[in-house]
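Below: one structure in structure tokens.
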Amino acid sequence: MKSLARIWTIAMNTLREAVRNKLLYALLFFGVAVILAGVVLSALSYVESERILQDFGFAAIRLFSVAIAIFVGVTLIHREVERRTVYAILSKPLSRAEFLLGKYVGLLVTIWLQMAIMVVFFVAVSLVTGAPLDAGHAAAFALIAAELAVIVAVATFFSAFTTPMLASFFSIGIWALGHMTRDLRDIGASSISESVQSTTALIHRVMPDLESFNFATEAAHGLAFAASDVWLPLLYGVGYVSVLLVAAIGIFERRDLR
Amino acid sequence: MQQHERRIVRIENIVKDFRPGFGLRVKRVLHGISLDVNDGEIFGFVGPNGSGKTTTLKVLMGLIRATSGEATILGHSVTETAFRREIGFLPENPYFYSHLTGREILGFFAKLSGVTRGRRKARISELLEWVGLDHAADSRLETYSKGMLQRLGIAQALVHDPRVVFLDEPMSGLDPIGRVEIRDLVLRLRSEGKTVFMNTHILHDVEMLCDRVAIIVEGRIRYQGVIEDLVGSGLHEVDIVAANLSPETVLELEDRLAAKLRGVGERVEIRVAEKEVNDTLRCVLAAGGEVVSVTRHRVSLESFFLSTVEGGSEIGE
Amino acid sequence: MRDWIHSWHRYIVAVIAISLTAFAHSAMDTSAEDDLSRIFLPEAAHAQLWSLGFDTVLADYYWLQALQLVGGERGDTAQHIAMIGEMVELITTLDPWGGGPYRFAAIWMTDSKQSVRTANRLLERSIAHIPTDWRSRYYLGFNYFFYLEENGKAADAFEAALGLEGVPRYLGALAARLRMNEGGLEMAADFLAEFARTTSDDFTRVEYLKALDEVETERGARKLDAAREEYWRRHGEDIRDVHDLLRGPAPILTQLPPAHPHFDFPVWRIDEQSGQIVSSFYRSRYHLHRADHDEERRERWRSMQEPDARAS
């Protein structure tokens, strides 16, 4: 219990620091602007304009949340070490694992909050234009939140041992690859070379399969879905985040903080 | 109190290698240092810049891992975390979250240290007053000067009322009044029965404050002991002021007697150990010099320190 | 001199700078690019790989582009239409659940049989992803029927649409007529009976049963046609009235088939315009109805296809 209290203390302080970050507001502003711009763009289509509106909304939420997750996440641990703020903190009865988890939770809460703001605009725009809102939309938002949890974990992982520059490269790379592995596996599966087949299949297994969190298309089309379409990806996300955080803690605990 | 608990901090044969860059090249910063800090004392860890004081403290705080050797605080291995409720740490040139105010940062550290909600507020106000930051308590740290950060760092180290306090260069960045205040604070901690481990390169502070010192030079402990032993050990020095000395004579004195010379106008001040006085006087007179005065005085920590650093010979223990 | 940037000179610099910018910008050709090759159209598989989860917005982007392609003064040249095909291919690869683009392709891709076949392939994809939408099947059937003149396939498509929500009631009967064209009256009757049995909508069932009555009547009309043929062979002249078939020492028929399966009042007569034997109830024979303007349109389309046909 004490441990949770310490994690929460670090998390809330991280949140407090993040909400004073101007980059966050810039990205949030653009996210909301794109959601609103969707109204104009969707009017260009004579069919399914509500759907196009929501497509833009989902894309904006995803793009700008991921951008915040990566650009704030990659400095998360590194900056504490670089600025030496970590020295006094770790001299307190607080393990490095608790510190790292606290930083992770703090950033995740920050990013979920800003996502919630964009979702409010999404809902408002949908209500005003009469676009449908149903359980599929809720599922899509939950899965975007899960994707963000994975992305923040990736950024935190790299931030635990490398510079923000390198961590951004790696995180963006993994994010992009994570959205390609399914297609890559399918392309690989049609290859005659067995090694290509097994390599692409392996990449698909090992890299985060971020397309599994992409439910926006289904939601915007109002397609029917099963509960397992939602909870299986959520479970996958929880598992993946745990693996990343355990690895990050392992690395961070062995580091010399000099 | 049990026997082993008298030794609050125990460092045994700590070696620390750094690997700067990516190569295999290692740089040994601590060459097997050992020292003990006893309950209730103010311990001075003294050495020139770059001698390994901060590195030793980082090992003690679990921030870096010793390559080999063992270090314990209050009987706990420094890799544990729970016992840190009992210790406070002021890092060198401390830096804290600049988006918080002084009061907020102390609240943050108090929560982390497990200070109960009820005691937190009063304790923070008390500390802010102690370190003289009550007027700036609600300003953000980005507006703090280096000296204010230093004071806040000390407050942060004491927020949970620890038994042992580790201070890395506590006087740096402070004005003369600040130094006096912190000095008083440290003495007050001792009077409350706390143990203080203090890194410093300012000998004056050591002389004023410390019960015991260890001198570290280039990663090796050169001396460890009580200041009185050191200063009152019968080691005396003699200052001889002479005039009319030729440069050749000056060189000879320096070479032969390891004397320290200082030009004072036309005259030369020669500082030598007590046993060298006769040889020195003989040498001066033989060269046609003129002895102006001869003064005997107790050796200062500074000159002891300098001779330790420069001489390279291990003294004490 | 050192201070020039702090004096009134800077206003001159600002004015010159603004004028230069405005001049350069207004002299530029900023009209929208009409050149189709300027639209970057990635291959569908590549776009899917590189879209990084933004498949739907990418699809929307090309959808809006496709709409621009047919709007305004641009005619539907072959180049445009090929482009529409590629775009819809891309759009529906990225987002196969949007019905609009498929129908858009079906409407616009009618310049050649090849285009129609491309549109039909896209409609098949639509059916695979949105099986509950009758419109793709309807458009598919229409394309087979009207442009490709493959009535069997048209009937297949229409039949698959029956029972879906929103499907027009006449579609089953139309499918049956197509069947008749392809496989004869018995086939049409079988299908209609089956539709009537399986539909859950009573109004629709009535439509099917009515169509079955018409088929039954047609069966009688065809019997009369055969008898008329025989009469011609025997007497060297045409009948003047259907009752001629019952007259004489050896009548070809002993009895006329009913002119309607359920009602007594309709009678058989020879239609003045076509010379065909028709039931007074229906006044025309059972066949694929085509409006005159439709027929004209199809003729035009056929003549357009001729050079195409010769080329292939």
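Letters A, B and C mark the chains as written, and numbering starts fresh at 1 in each.
By definition in this document, a residue touches a chain if its C-beta (ideal position, glycine included) is under 8 Å from a C-beta of that chain, and two chains touch if they have at least 3 such contacts.
Keep in mind it's a predicted model, so treat the numbers as computed, not measured.
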item: Busiest interface, counted in C-beta pairs; value: A-B
item: Chain closest to the assembly centre - both centres taken as Cα means; value: A
item: Where chain B and chain C are represented by their mean Cα positions, the distance between them in whole Å; value: 92
item: Mean-CA-position distance for chain C and chain A (Å); value: 46
item: Centre-of-Cα separation between chain B and chain A, whole angstrom; value: 48
item: In the complex, chain A residues that touch chain B; value: 2, 5-6, 9-10, 13, 16-17, 20, 83-95, 254, 256-258
item: Chain A-touching residues of chain C, taken from the complex the two chains share; value: 45, 48-57, 59-60, 63-64, 67, 95, 97-100
item: Of all residues in chain B, those that touch chain A in their complex; value: 18, 58, 61-65, 81-85, 87-91, 93-97, 99-100, 108-109, 111-114, 153, 156-157, 160, 166
item: Complex contacts: residues of chain A adjacent to chain C; value: 41, 44-48, 51-52, 55-56, 58-59, 62-63, 175-176, 179-180, 183-184, 187, 210-211, 214, 216-218, 220-221, 223
